[in-house]
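Beneath this line is the structure, given in structure tokens, with notes to follow.
So that you can tell them apart, the chains are marked A, B, C and D in the order they are listed, and the count of residues begins at 1 in each.
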Amino acid sequence: MTNKPISFDASKPLDFVAVGRLCIDLNANEINRPMEETVTFTQYVGGSPANICIGMSRLGLKTAFIGKVADDQMGRFITGYLEREGIDTSGVTVDRTGAVTGLAFTEIKSPTDCSILMYRDNVADLKLEAGEVREELIAGAKLLLISGTALAKSPSREAVFQALDYAKRHRAVIAFDLDYRPYTWTSDEETAAYYNLAAEKCHIIIGTREEFDMMERLGGNPTRDDHITAAKWFQHSAGIVIIKHGKDGSIAYTDDGASHRARSFPAKVVKTFGAGDSYAAGFLYGLMQGWDIPASMEFGSAAACIVISSHSCSDAMPKAPQVHDYIERCLKGEIAGTSS
Amino acid sequence: MTNKPISFDASKPLDFVAVGRLCIDLNANEINRPMEETVTFTQYVGGSPANICIGMSRLGLKTAFIGKVADDQMGRFITGYLEREGIDTSGVTVDRTGAVTGLAFTEIKSPTDCSILMYRDNVADLKLEAGEVREELIAGAKLLLISGTALAKSPSREAVFQALDYAKRHRAVIAFDLDYRPYTWTSDEETAAYYNLAAEKCHIIIGTREEFDMMERLGGNPTRDDHITAAKWFQHSAGIVIIKHGKDGSIAYTDDGASHRARSFPAKVVKTFGAGDSYAAGFLYGLMQGWDIPASMEFGSAAACIVISSHSCSDAMPKAPQVHDYIERCLKGEIAGTSS
Amino acid sequence: MTNKPISFDASKPLDFVAVGRLCIDLNANEINRPMEETVTFTQYVGGSPANICIGMSRLGLKTAFIGKVADDQMGRFITGYLEREGIDTSGVTVDRTGAVTGLAFTEIKSPTDCSILMYRDNVADLKLEAGEVREELIAGAKLLLISGTALAKSPSREAVFQALDYAKRHRAVIAFDLDYRPYTWTSDEETAAYYNLAAEKCHIIIGTREEFDMMERLGGNPTRDDHITAAKWFQHSAGIVIIKHGKDGSIAYTDDGASHRARSFPAKVVKTFGAGDSYAAGFLYGLMQGWDIPASMEFGSAAACIVISSHSCSDAMPKAPQVHDYIERCLKGEIAGTSS
Amino acid sequence: MTNKPISFDASKPLDFVAVGRLCIDLNANEINRPMEETVTFTQYVGGSPANICIGMSRLGLKTAFIGKVADDQMGRFITGYLEREGIDTSGVTVDRTGAVTGLAFTEIKSPTDCSILMYRDNVADLKLEAGEVREELIAGAKLLLISGTALAKSPSREAVFQALDYAKRHRAVIAFDLDYRPYTWTSDEETAAYYNLAAEKCHIIIGTREEFDMMERLGGNPTRDDHITAAKWFQHSAGIVIIKHGKDGSIAYTDDGASHRARSFPAKVVKTFGAGDSYAAGFLYGLMQGWDIPASMEFGSAAACIVISSHSCSDAMPKAPQVHDYIERCLKGEIAGTSS
């Protein structure tokens, strides 16, 4: 599939470990209206790597999480939820400095007009320290996922680099979900610097065209050419680079020079949140099953359709039979709706 | 009533202006359980001076607010609510620095075991600047209310001192609701310093025994004697000092040497939040009607009973006939419950 | 002299205690050139209240200092110097947080073109805490001097208010040398707020017209009228307000409605630094001798002439006979030079 | 010499460019005593990369500097000095945020007991931004030197990574002088993280055993073995790793498996400051002349002897004939003294 074959070490006990953000989504119960008119909210576990980890666990993999939660009711809600999902939380530490849990209030004005009101000041997830990253969890895992938000501030930033160092040392495959969110970052230059340093060490890189543009802001790709982007990372560690072009779909580039596009499916869209996370979970699950890239992408697309048709992100992550069933029903034409 | 008679200038167009905290309460819908098991929340306007101002407006007074809200959906929710309550919001400015709205998640484990999870990092209400305090609002008001939380940080702290300066210049009566909350403050010494500087300028001071202890931490009243506390403030501007002793009730000291205790009423307590704010609104309303101190205290107590029997603080603030009716029904023995 | 007579309690053992800034002056040895061409510097103790305290001690008074120094060679240099000058340093604490000593590199391009390059980040003097202000030093002193720079930041700001509280409690006379320096302060509004709160409690206030303008920036004296300025403070605690008008000389206003101008003396000016500090020391010394205001001002002016004729500030503070001698020689016409 | 031959591109117009710290040394004029007894100081340009760049220029190379200075007399002193030394300062920008020039007061109690009092709060050199690093200067240079101190804080840290990126793109040789100084850094974990990320990209790495220990604190070399240290970097970009063992001398490891020790010379030591900088300048100069590693090390050692025999660091950097002469005189036994 790729010259630099991405192979998962079957002898390792854990399939998947994610490092990074754990937070709370507060989803407006009254949808299709501005948040000013919202009066009640429902609480879910959130954060891109948390969602992906929950997704992987639902798909039947053995998973663990490395992160930090606040020493309060919100923090305990998060840890409790992960444990009930079967995720190993021995790598989730508790902040003792008075940090709070990150919040994301979601506003759904219409299926295509969604926004988020973030609370990211003094959040516990960015307090994870390098010394708190448990080497044995990474040593025992086939696949490590990192997420860009965790690079936004010290000491979480150094914890991510420490996790990368352990993964390299123990030959875990590393996936990088760029997940760039402008708040929390101080400057574009800072953002680009650490995204690039991290990406150099990763085998699978997944992001939007705009996220890759941000990483290339100080030169090298003025025409925003996907092939130049992918080629840069193939010179380092990467074997697969997935670049998402919004409505125009995603393309997976591989270091053998090939590129792949996957079929997309119709969906009854409630909101767009969570699409990327469920896609990543589905795609990585496919790769770990030994499927080829198009099949893995297709599985990711179907998983995304299921999530965006529901009210939550984490809580809507599908099990494998649900995804297979969704694909089948789409192929039979049983599901109509906007194409995702 | 007092030697330093607290008289309201009848020629002024506005009855009441409050300065300080505007925030959001997110009250757990599932009560009598820990917040870890809560999944939905209902949103209300909150913050002690906001609650008192809403209370005064419900009681029929002409009111205004001086404060600052975030430039987001939460901020617009607050301003919209105040306006619908008939409060003049021309003194409410909008932050442009990316500050957020303060949040208070309430947890009601039982009527007597309530706690609050606060989000107070980078909040808009503490960004109010001295230059944004509208002198004409204070010049036109009979009574200014300040609240201790607004003293916790610059520039809000200086805005409060500016409001006090305008009130002195235009001979408004000044009430100080101590409302001390340890988060946000850097040190006890800092807290005591600014509480004392502000209290020197106020005519009516309302607080718990513990709040006055905090103000006296660097000497002067080792036996925690109410009379010493009150006497200190009578040497400055105060004519009335109300010291709350929890279950043992409140005592109002006046600078003629008298002290007053008010009757308390039974209540079916849902939660204890909001008791102090509704008490303050009721008491100040009574004073402004020309009632004597015991009658004003009684009215405040009854208003507090109504609020603690309901799910919210701001939204439960009663109208005057409701309070009179409550007192009457208590006198007739129609209301049983825990005494407030 | 004033209606609110400023009388020093003769029974108190200490004449004078100053609270505030202790720092290092590094004076260019090569003068009359830009600092870019300077290669060697000589080190002196500096800081306005330190200079005044050294001046008072040289004049023969019993003095003490309340402040904080860095835990390094510079800090020990300062404490050692004060002790050798006979100043009680039991109120000088040592920072343990890694703060540094404030530095002032002076540049003397010409006698009338002097500037200062300040190092004021993370300085020890602004780390003095309210709890470190020794009540017994203030209780035992006839006169307390505070200086505006110490109000610039917490916790030093609260330490000054604590010192004022002790001075009020123990009936010490309080002098306020405004000494406003824009660096360190966050905003003009913050500056004005705390200067005003402090000045309300002081008996003697000394500053430039521009410093008083800064304090009146939020209204009350649009025509910058000295009489309005002085009258405001006479409503609070002040009996003497000295307003300096640069080349046009200083005027002392007293709360009996009088105003006084003092004779000025010629001087061979080397640099202008230190003029205000030596003036303050001389003037306050005169008052404490029971001299009338014009005599005290004259003594201050002569002391200032001596300091500006030399290379340093602190180290050049004169003894009383030197000042008397200077006045005498001026009267005899033995000293020519620019008028100070 | 090494498998990964370190070859300098002769077609490039510039020999050497350094990026990083520019500051001021204030050297006590009264030596062999504690700084508390010092009263005068002499000012020199300082900062490890500045010293090395001055050294390279004195040795006859074409040099440039990339850094940032304060907008004050100290900043202009630095830029002026560099220019007079023939260093291209087109890459030296001027801070506009009110940052100050870093200061290092040196205390020489005895030739072997020297210490430094640093002023590093809010310093201009750490404000250099990635966007201010001039690509053309690095593109045109044979050798780029980075220094660890510049990694201590954003945005300077990202500027260094940007410089490394340009150097890689334009195939400049990269030397890393570890120059670890604990102040300024927030935590050991942060320090190790960025030192390692930078070192991965460098061809020549020079540091003390303790500096390499700090980089290996999270595992990999518990016995502090030089060969393990060197081998790690040979897996990345390095061809030469020099590890300094204090009195036991320095060892240069090369990626062909060899190691080299150089002769040391006697010196009349005044102070130890500046030894490492002059050594680095001499060694890199030797390499650029095409000398073998032992000869280059010897030249570095002799340059260091000259600097530690004098009062300053930067100002004492020798010209090439001086170094050759020093070596010759040592060989003839004309120079006695402590061995350096």
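Structure notes:
Throughout what follows, a contact is a pair of C-beta atoms (placed from the backbone, for glycine too) under 8 Å apart; a residue touches a chain by one contact, two chains touch by 3 or more.
These numbers come from a predicted model, not from an experiment.
Shared contact partners of subunit A and subunit D are absent. Of the chain pairs listed in A-B, B-C or C-D, the one whose interface repeats that of A-D (more than half of its contact pairs identical by residue number) is B-C.
When chain centres are defined as mean Cα coordinates, B lies farthest from subunit D. In this structure subunit A contacts its sequence twin subunit B using mostly the same residue numbers, the overlap exceeding half. Centre to centre, using the average C-alpha position, subunit B and subunit C are separated by 42 Å.
Put simply, the C-alpha centre of subunit A and that of subunit B have 45 angstrom between them. The centroid of the Cα atoms in subunit A and the matching centroid in subunit C are 61 Å apart. Within subunit C, no positions touching two or more other chains are listed.
Chain-to-chain contact here is organised cyclically: the chains close a single ring, every chain touching exactly two others.
Under the contact rule defined at the top, the touching pairs of chains are A-B, A-D, B-C, C-D. Those residues of subunit C that touch subunit D in the shared complex are 26, 29, 34-36, 38-43, 72-74, 76-77, 80, 100, 103, 105, 107, 117, 119, 121-122.
The touching residues of subunit D, counted against subunit A in their complex, run 129-131, 135, 154-155, 157-158, 161-162, 165, 169, 186-187, 189-190, 192-194, 196-197, 218-220.
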